Each structure stands twice: as C-alpha cells, then as structure tokens.
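First subunit A sits with subunit B, and in the next complex the same chain sits with subunit C.
Here is the complex of A and B:
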C-alpha cells in the first residue's frame, strides 16, 4: 500500500487513526499501531512479511544477547550484522551478481544460475534501521529494548516502513515509551500529510508523465527535448521522494512521533557537497555514522580519505538499486565530492556560479540514475550535449507549451518561497483561515487526481 | 558462551526455514521472456484483432509506465472500433494492486465508451478476464478468453 492511494487515504488511515485514538494507554496504542503496520505491509507483501518478522525477531534476540552476555557483545554484533547483510544481499543483489558474473565470463562458458527473486518492499530501509539499532546498542548509546512490541513497532511503524526516512532508534526510543498526542501536533501532522500528498500527486505525477515520455524517445531527442526530459525527471524524483518523506513525517506527528526531516530544499544548494547534506538526509547520516566514520572518515591520510569517500559513494549507489547505472551514479558523486573537497570549494566560487554548476551536475546525475540501461542514459546525455537530432524540434515545442506551467510550479515549489509565505500567513487569523482553505483545496484536488488518473508510480519503492 | 551459540544456531535454522518457505513456494515460472509471450500470442491470436502496442500506447490506455515493470507485453486493438486486447505484466509485489486497478479501470473506461452503441464490443468487454499468477498479471479481452487463459497458464506453468 502506498500513501498516495485512495485505499490508504480513505480506508486504511481513517480506521488506523480511529483505532489508535480510541484505545487507552501507550501499551495498547503501541500494539494497535504495530497491528496496523503489519496489515499495511502485508497489503502489498503478504508472503514477505515472514522475512520482516524474522528480521525483527533476530535483531531483537541479538539485542537481548548483547545485553545479557557482555563479554560476547562483539561476537553477537558481528553475527547480527552478517545476518542482516546476508538478507539484504540475497534478496536485493543475488540476481544482479549472477547476471554480472554471467555477463562478464559468459564467453568463457561461465554462467551463474539465479532465481528471479522479488525485492521485498522496504528491505533496504528496515535492514538499515535494524543495523543502526544493533551498532548503537553495542556502542552503549541506549539501553536494550526489552519489549518485543516496542522493538517491532520501531522497525515496522508504517509511516516510515517502506520509504523512510531511516529513523535511528535513539531518536524515537523515548517516544516508544512515552509520547504526547495533542490536537496541535495532529493538526501540524495533517498539514504535512497534505503538503506531501500535493507534492506527490499534483507535481511529481504530473511532471512524471513528461519525463517518462521523453525518456522513451531517448534515441530521437533534440538538445532542448533532452534537457526538458532531464529537467522533468529532476523535479519528478524530488517531489516524489520528498513528498513521500513529508507525508511520513506528517503521519508520524499525527501519531505522536517526531521524525527528523529528510529533505531541506536540496535544489537550492550551491555545491554538490551541500546538495548531499540536504537530500535524503537520513541516508547520508546513516552512511556517515556507520561506514564513513568507522573507516576513519577524514582523520586519515589523503589516499585513505579518498578511498573512504569512494567506498561510501559506491555503496550509496548500490543501496539505490542492484544495477550498474546505480554504481556509476554513486561513483560519479564520489568523484564530484572529491573534486569539490580538494579543488572547487577551495576556489570560493560566487554562490550563483556554485548553484548553476551544482544544478547541472545533479541533473546529469539523475540522467545516469534514471536510465533503464546505461545505453539509454548515454543516448540522453549525448543529445543533451549537442549530439541529438538537432537543437530544437516539434517535440520540444510541444512539451514546452504543454509542460511549461507545471515546470514553473515545480521550480517555485522547490524553493523555500512557499514555506516562508506559509510562515507569514500563520501569524494572522485571516492568514490561517486562508491557509486552511488552501490545504483543503489541495487535499480535494489530490484526491480528485488520484480518482481519475491511473498514473501514480512511486520511484523510491524499488529501493 | 554455549547459550549464545545455541541461540545463534537457532536463529540460523529459523532463517533457513523462512528462506525455504519463501523460495520454494509454488510460483509461476519466473523466467518467461517477451519472445515466449509473443510466440504464445501468435499461436492463439487467430480470431483476435490485436497488434503490438508500445510504451506510449500502454501509458495512454492504462496509465502504466512499462519501465516500472519487469516484463510488459501489450497487444492493443487493431483499430478504434475493436476492443480485443491482451496485456501481460510481471512486476514487483508492491505494484500488483496498482496494475490490477489500472486493468479494471481500462475495462470500465472501454465499457463507458462502447455501451449503448457497440453491442458486440460491450459483450466482449463484459467477459474480459483479469488474472494474477504470482507476480504475473494478465488482461484478456477476446472472443474466446478461455483459450487465451489456457495458453497463459501453460506458458507460466501454473
């Protein structure tokens, strides 16, 4: 089930909220939320819920073992990490590995057979959450969670289960035991839910049609159409994922949980380094805490520092998907970040120049990321840089005239302007009334779009 | 120490059990290719007015993006007065409900278009079939959907 579906909005969410608010006490509320989260997951993954339940049980038991057998903590941690990585590796990367080995050595008669294994939804997210729990528990950042329901709720809580943000246990440990639920928090959460829904349905889905159609014409694009297609995807992936994260944070608030923000206007960044501080913040934080710093971070020699950055970025690429274009995309950012660290940021370029080059580099990055194959990505990049079917064509004119308004709306919405306007409106009673009407209108419009449009993909589902 | 190893062994055995259940469930054949489906279509499409449809046509008719799915084979009606159609999709479990909804919406929209003037088309649409076999979903709108269904089942080995 996804948030931007009528089943979720009109059936699942009202029933869950009703149940959650009707049952008394934090224990029953936790149990109710756990039950609803399992139903939410089982809706799309009736069988793979077994795998998630196993992961919960295994990590819970490892936590208890680490707590009870202090001398064996390190050994239990290694055991837990191996099992978690095995699950992720097997279900996410086994097919990719066997295909790659067969592709590389096929001519020598080497073929690795592989079953076509479906990727369990959310496995990348819940495995990373479980790993962070075990590692931080080992580091002594918090006491072990002895309640199975609370631990299972931390892993399965439906707002963040299938697409993050990757919530670290220490950030919600207290709220699992005691949290305040107030009308103000609920209202704030509802506003974020509507905001995220509008980003997803009214912006990402609309601009996504243009992005998909232009990508499908990758071999016959003019320079302008190729840039338009890249720009459309640039906005689609942002509003798709940021919209989903905003909905998750809003739903969390409605249930009394505070999740940290996952996006902070990344397209306003004036360097690639800054872009990655503002994009998918929870993933960046995870890799920094559990891979980059343990490898030595920047407190090592230059060569090891370069190695650490490249390792983190290849892993970040692979986290997004088991395909070579994701590896290339990760490597691309690794190299860009190294260039910035050692050259560009030392030049102290004017902010406007920084913004322009960052935007272009991020745009190019999304072309590598979004291609169904590397060949398709290269065809689009080639057209973008002058090797297309000309500079301007009828396709470009058509998409400029039909998609100009949505592109403009996306551009405005990706800046902090609307947030500042909302802040100003909230200061007066008239402003608050106007804002309420706007949000009700956005909700109604989003539901109308969902009811009449079939096109409602979710890009980060497959990660 | 022994207790820890015993618990870890139990967790490994439990993992083997879970993996066995997940990997050896009765599944549709996972390795069906586009060529296999096209061969099947050629063998049964004798009295069906269909022609291969591309990604753009799929998007227009179903609102589905072929890039989002593992395997998509779509045959559209030969002209606007025909309603025969065949669509087979293999996709992630998370997208199955969306694909099913898109297929149902397609039948509904075609029924709205042909009801009251296209009796034969309406009749075909009313006996349209949507089936799910594991990660495969297929839509059949044809004179003899049962023949198509048998062919699909044989192909998927279900």
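Here is the complex of A and C:
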C-alpha cells in the first residue's frame, strides 16, 4: 500500500489509528501496530510478506544467539550479514547479474539463464534496517531485543517500511518500549502528513507527467525540451521522495515515534558534498556507519581513502536499483565528491557559483539515474548539451506554457521560504488560523486529485 | 516564549482533533455514499466493490480493485473532476488526457503518428487482401479528424503530429490498390462556413459526412438522384471528448440527420444480434449517454442492409464509427450493403466475401482510429 492512495488514507489509516488509540498499554499498542503493518505490507506484496517474515525471524534469532553465545558473536554476525545480503542480492540483483554476465561473456558462449524475479517492495529498506540492528548489537551499542513483537515492529513499522527513512535501531530502541503518545504530537504529525501528501500528490505527480512524456521523446529533443524534462524529473524525484519521508515522519509522530529528518532542502546546497548531507540523510548515514567507516574512512592513506569513497558510492548507486544506470550514477557522485574533497572545496568558490554548479551536476545526475537505459540517458544528456534537434521547438513551447506555473511552484517549494513563512504564521493567532485553513485546503486538494486522477505512480519499485 | 509554547500546543491539539474529525468523517461518508453503476459523464461503467476471495487477494486484484472502487465511487466525483480541470486550465493546461481545448471551447483529439512498422503492417495486410480479390474494385476514404482540418483553432502551444503527412503517405501507398477518395480539399473549403466536427465529440458531423458523400459520388460512380434536407434531432449532445477530458462545457452540440425526399425502402440486419429493423436510425439513443448512436445504434460486428434496388451492386464496407453517419447516403445506390467493424468481427472474412458476390469494397475510416487501430490488419489477413 502506498500513502498517497485512497485506500491508505480513507480505510487503512482510520482503522489503524482507531485500533491503536483504543487498545490500552504499550504492549497491546505494539501488537496492534505490528498487525496493521503486516497488513499494510501484505496489501502490496501478498506473497513476499513471507520473505519479510523470514527475514525478521532470522535476524531476531541471530540477535538472540549473539547475546547468548558471546564467543560466537562474530560468526553469528557474519552469518546474519551473509543471509541478509544473499536475500537482497537474490531478489534484487540476480536478474541484473545474469544479464550482465551474459552480456559481457555472451560472445564466448557463456550464457546465464536470466530470471525474472519481481523485486519485493521495501526489501532494500528493511534489509538495511536489519543489518544496522545486527551490526550495532555486535558493537554493543544496545542490549539485545528479546521481544519478537518489538523486533518485528522495528522492521515492519508501516510509516517507514517501504520508502524510508532507514531508521537505525539505536535511534528507536527506547521508543519501542516506552513512548509518549499525545494529542499535540498527533496534531503535529497530521500537519507533516498533509505536507508530505501535498508534496507527493500536488507537486510530484503533476510535474511527473511532464517528466515522463519528455523522457519518452529522448531521441527527438531540442536543447530547451531536454532541460525542461530534466528539470521536471529533478523536482519530481525530490517531492516524491521527500514527500514520502515527510509523511512517514508525520505518521510516526501520530503514533508516538520520532524519526529523524531525511531531507533538508537539498536543492539549496552549494556543493555536491553538502547535497549528500541534505538528500536522503538516513541512507548516507547508513553507508557512512556501516561501510565507509569500517573500511577505514578518511583515516587511511590517500589511495585507500579514494578507494573507500568509490566503493561507498558504487554501492549507493547499486542500492537504488539493479541496473548500469545506477552504477554509473553512483560512480559519478563518487568522482564528484573526490573532486570536491581534493580540489573544488579548497578553492572556496563564492556560494552562488557553488549553487549553480551543484544544481547542474545534480540535474545531470538525475538524467543518468532516470533513464530506462543508459542509451536513453545519454541521448537526453547529449540533447541538453547542444546535440539535440535544434535549440527550441514546439515541444519546448508546449511544456513551457503548460508546465511553467507548476515548475515555478516546485521551485518555490524546494526553498526554505515556505518553511520560514510557516514559522512566522505559527507565532500569531491569526497566522495559526490561516495555517489551519491552508492545511485543510491542501488535504482536500490532495484527496480530490487522488479521487479523480489515475496518474499516481509509485517510483520505488526498483529501490 | 512560554505563552507561545502553550499556544502552539493548543494549536497542534486543535488541529489534530480537526484532522481526526475530517479523516473519519470522510472515511465514513465515502463508505455510506451509495454506489453508482454507471457514469453518464464519463460514459463508462464504474468500478464496483471487488470480489474478495483467496485468489483475488493473492494475485492482488482485490487490492487494485479496492482503489478503483474508492476512486470511482467517490462522493461527487463529477463535481470534483470539473473543479480539478478548471484548476488545471487556470494553471496553464491546454490538454487533458488526449484532448486539446481550443479558445472557443472546441475539444479536439490529439493525433499520434503511428510508427513505420505499424503503417507498413497495415499496408501489407491491405495489399495481401487486395491480392486475394484483384477483381473487386476498392475505394479508400480515410477522413482527417478535427485536429488536422481545424488546426488553426488549436492553442499555439499545442503539440500534435502532422496528420496530413500520415494521410499523404497512406494514400500514396494505397493508390496502387484502389481508388483514393480524399476529402481534405473539400473540407478545407467548407471548414469556415460549416461545422464539420462536433465541439464536444470526436466524430464528424453529418454535414461533413454529406460533403464526403459528394466526393464518393463521382468516384464510386453512384447514380441515385435523391435530395436531402438536414434536420436537427438533438441539441444537447455532450460528446465523448467532454467526458474523457473532464474539461468544463462551453456549449452543447446538435446532431442532424439528412432527410431524403424519397424514402428508400430497406431492412437492416444486425447479424450477430439476430435483430432486424427497417431504419438505420435508432432515435431511442438520443436520450442515452451517447446520442451519436442514433446512427445504427452504435457499432456492431456485422450489419447487412438489403434494399429493393435491383442493380446487382453489392457493397462491402470496412469501417469505424465515422462511417455510421455516412452510410445512410449510400443506401439508394446499392442492392445490398454489408458493414464490418473489425474491432468486433471474429468470423471468416474470406468465406464471407467469396460466398456473397460483392461488387465493390469501401474502406471508410478516420485517420486517428486507423492510425491507432490494431484490429483491421488481423481481419484482413483472416487471422480469426
């Protein structure tokens, strides 16, 4: 189930909230939330829920074993990591791997049978959460979780289950046992839920049509059309992803959980390094904690340092999907970050210049990322940089005149301006009344859009 | 500071309460709102509550059906649709789904140029068909649609493929197979003094069909001496483009039929339905969802018209719905007319043609339908 659906908003959410608030005590609330989360997952993946249950059980048992047999901790950890990575690898990368091997060595007569395995939604997110639990447990950051319900709840909790943020066990361990559920938190959460919903339904979905249509014309784009298409996707992926995260954080609050911020105005960044501190923060943190630092981070020789960065970024790329686009996209960022680390950031460029080059590089990055094939991405990039069917055409005119206002709204919404305005309005009674009206209006608009429009795609099926 | 904190807390609590009331209120009212079977505005059956059983849950069709049911049965869905499209227009939209809205409110369907493979496949099928029946004269009348004829009315920023290119290419390919009847010249001559296309529907008007018949007349060597007087039979026609786009209505269309001075005598047989009538008109549909169905009552796999003419001319027509308002003009000239709509036709075509002694074959389509069509080629290749 996805948040931006009528089924979620008007059936699942009311029933879940009712059940959650009616049952007494934290134990029953946890059980109720677990049950609802399992239904939430099964709604979209009626079969793969078995896989998730297996993963939960396996990781739970690994945790118990690590706690019981201190001497075997390392072996159990390695076993757990291998099983987790194997499941992720099998269900996410088997097809890609066999295709690539066949592609590379096909001419030598090597053919690996390609399997078409549908990717279980959210597997990348819940596997990473499980890994963070095992590794941090090994590191002794917290005591083992003995309750199966609480552990299962950590993995499956529906707000973060299918599109993040990747919640580390450490940050939520206490709240699994004791948390405050209050009307004020509920209201604050509802505001965030509406905000996220508006980002997803009113901005991302609207600009998404334009992005899709222009991408499909990759071979016949003028320069301006190519940039418009890239810009449309640039906003679509941000409002879609950040919208989901915002909804997740809001839903968490409504249930008494505190998730950390996952996006912090990434498009305001004045360097690529800063962009990755503001974009999908929980993923960056995960890779830093569990890959980059264990590899030695920056406390090693320059060559190893470079290796560490490239490894982390190729993996980051692959995490986003099993295709060469994503590998290249990850590598692209690895190289850019190295370039900044060793050259650009030392030049202390003016902020405006930094913002301009960062924005352009991120735009280019999304073109690599969003292409259905590398060939398509390259066609769009070459059109963007002068090799299109002319500079301006009727297509560009169409999308400028029909999408101009939405692009403008997206641009405004990606700056901190609206957040600052909200802050100011919260200070006065009149402002708060106005905010109430605005948020109710946004909710009504979003539900109206969901009721009448069939364009409501889900972008994370490849994550 | 403390006062602000207190005020904020109060605000959050009140908002939370409001949100809960709205959420539960909406959830309950969507559940209680009575389900509709059919939307006359959208001209389609609405999704009903999905069937719940083990297999529909496992294959996910129950879940998909649930979302469709909720969206389709949402209270005041039509009002919401109109509000949404007004908002879209205000935000600069000129197209919704595949429909452009011109400044005078006229709606026009986008034309999509098919790729070369599709065109070649169709041409190949036509030519294979033609090779099987070299002795029967064939006529091709592929009619342009509004977006091509009335292109100058489109918003400047509109994006559409060039239908003229498609028609030029197609007509050139087909000219070796039979006679091309191109109505584009006469349409551009009359486009300013006559309404050739409905404002709200993707069909041409009977006036346009009459003009096309005037072109077919000499080309097909027609001889009837019937005079026609147009008469309006419906003036609140809200067509398919209105429903598929959801754009607000600017003005309703009217539908005319051309009344002949001498009534031809004939029977119309709907073969698969095993039903016979004495008129090509089905006025009971004028009050229906789709008044254009006054012509033949809609589209059927196979219709046969038998007249009292005794001239041995037997016409076979492959057609889409554009033909429905033109065919009445052809009746006085033939002894028999058989009309096939390949979208619904699954019988043995060769058997049909071999057994019935047709003397002429007419392909009557509009460019848009033909460009997107996938049913004519298999029928022509007799792949049942």
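As a convention for this text, the second predicted complex is superposed on the first by the 462 of 463 C-alpha atoms of A that agree within 3 Å, B and C clash if a C-alpha of one lies under 4 Å from a C-alpha of the other, contacts with A are read in each partner's own complex, and residues count from 1 in each chain.
The working rule: a contact is a pair of C-beta atoms (placed from the backbone, for glycine too) under 8 Å apart; a residue touches a chain by one contact, two chains touch by 3 or more.
As the structure is a computational prediction, the values presented were derived from the model and not from experiment.
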item: Partners on subunit A (subunit B, subunit C) - clash or fit; value: clash
item: Subunit B versus subunit C as contact partner of A:166, first or second or both or neither; value: neither
item: First (subunit B), second (subunit C), both or neither touched by A:75; value: first
item: Which superposed partner A:47 touches (first subunit B, second subunit C, both, neither); value: both
item: Contacts of A:328 with subunit B and subunit C, given as first, second, both or neither; value: neither
item: First, second, both or neither for A:251, with subunit B first and subunit C second; value: neither
item: Contacts of A:201 with subunit B and subunit C, given as first, second, both or neither; value: neither
item: Partner chain in contact with A:58 - subunit B first, subunit C second, else both or neither; value: first
item: Partner chain(s) touched by A:436 [first = subunit B, second = subunit C, both, neither]; value: second
item: Touching partner for A:215 - first (subunit B), second (subunit C), both, neither; value: first
item: Where subunit C runs into subunit B (options 7-15, 133-141, 331-339 or 367-375); value: 367-375
item: Interface residues of subunit A shared between complexes with subunit B and subunit C; value: 1, 5, 7, 43-44, 46-47, 453-454
item: Residue ranges of subunit A touching subunit C (in the complex, touch as defined); value: 1, 5-7, 9-11, 13-14, 17, 43-44, 46-47, 183-191, 194, 394-395, 397-398, 400-406, 426-427, 429, 432, 435-436, 439-440, 443, 447-454
item: Complex contacts: residues of subunit B adjacent to subunit A; value: 1, 3-4, 7-8, 11-12, 14-15, 18-19, 21-23, 25, 30-31, 55-56, 59, 62-65, 67-68, 70, 92-98, 101-102, 105, 135
item: Interfacial residue positions of subunit A with respect to subunit B in the complex; value: 1-2, 5, 7, 43-48, 50-51, 54, 57-58, 61-62, 65, 69, 72, 75-76, 79, 83, 87, 90, 115-121, 162, 209, 212-213, 215-216, 372, 453-457, 461-462
item: Residue ranges of subunit C in contact with subunit A within the complex; value: 4, 7-9, 11-20, 22-24, 26-27, 30, 57-60, 63, 66-67, 70-71, 74, 77, 80-81, 83-84, 91-95, 156-159, 246
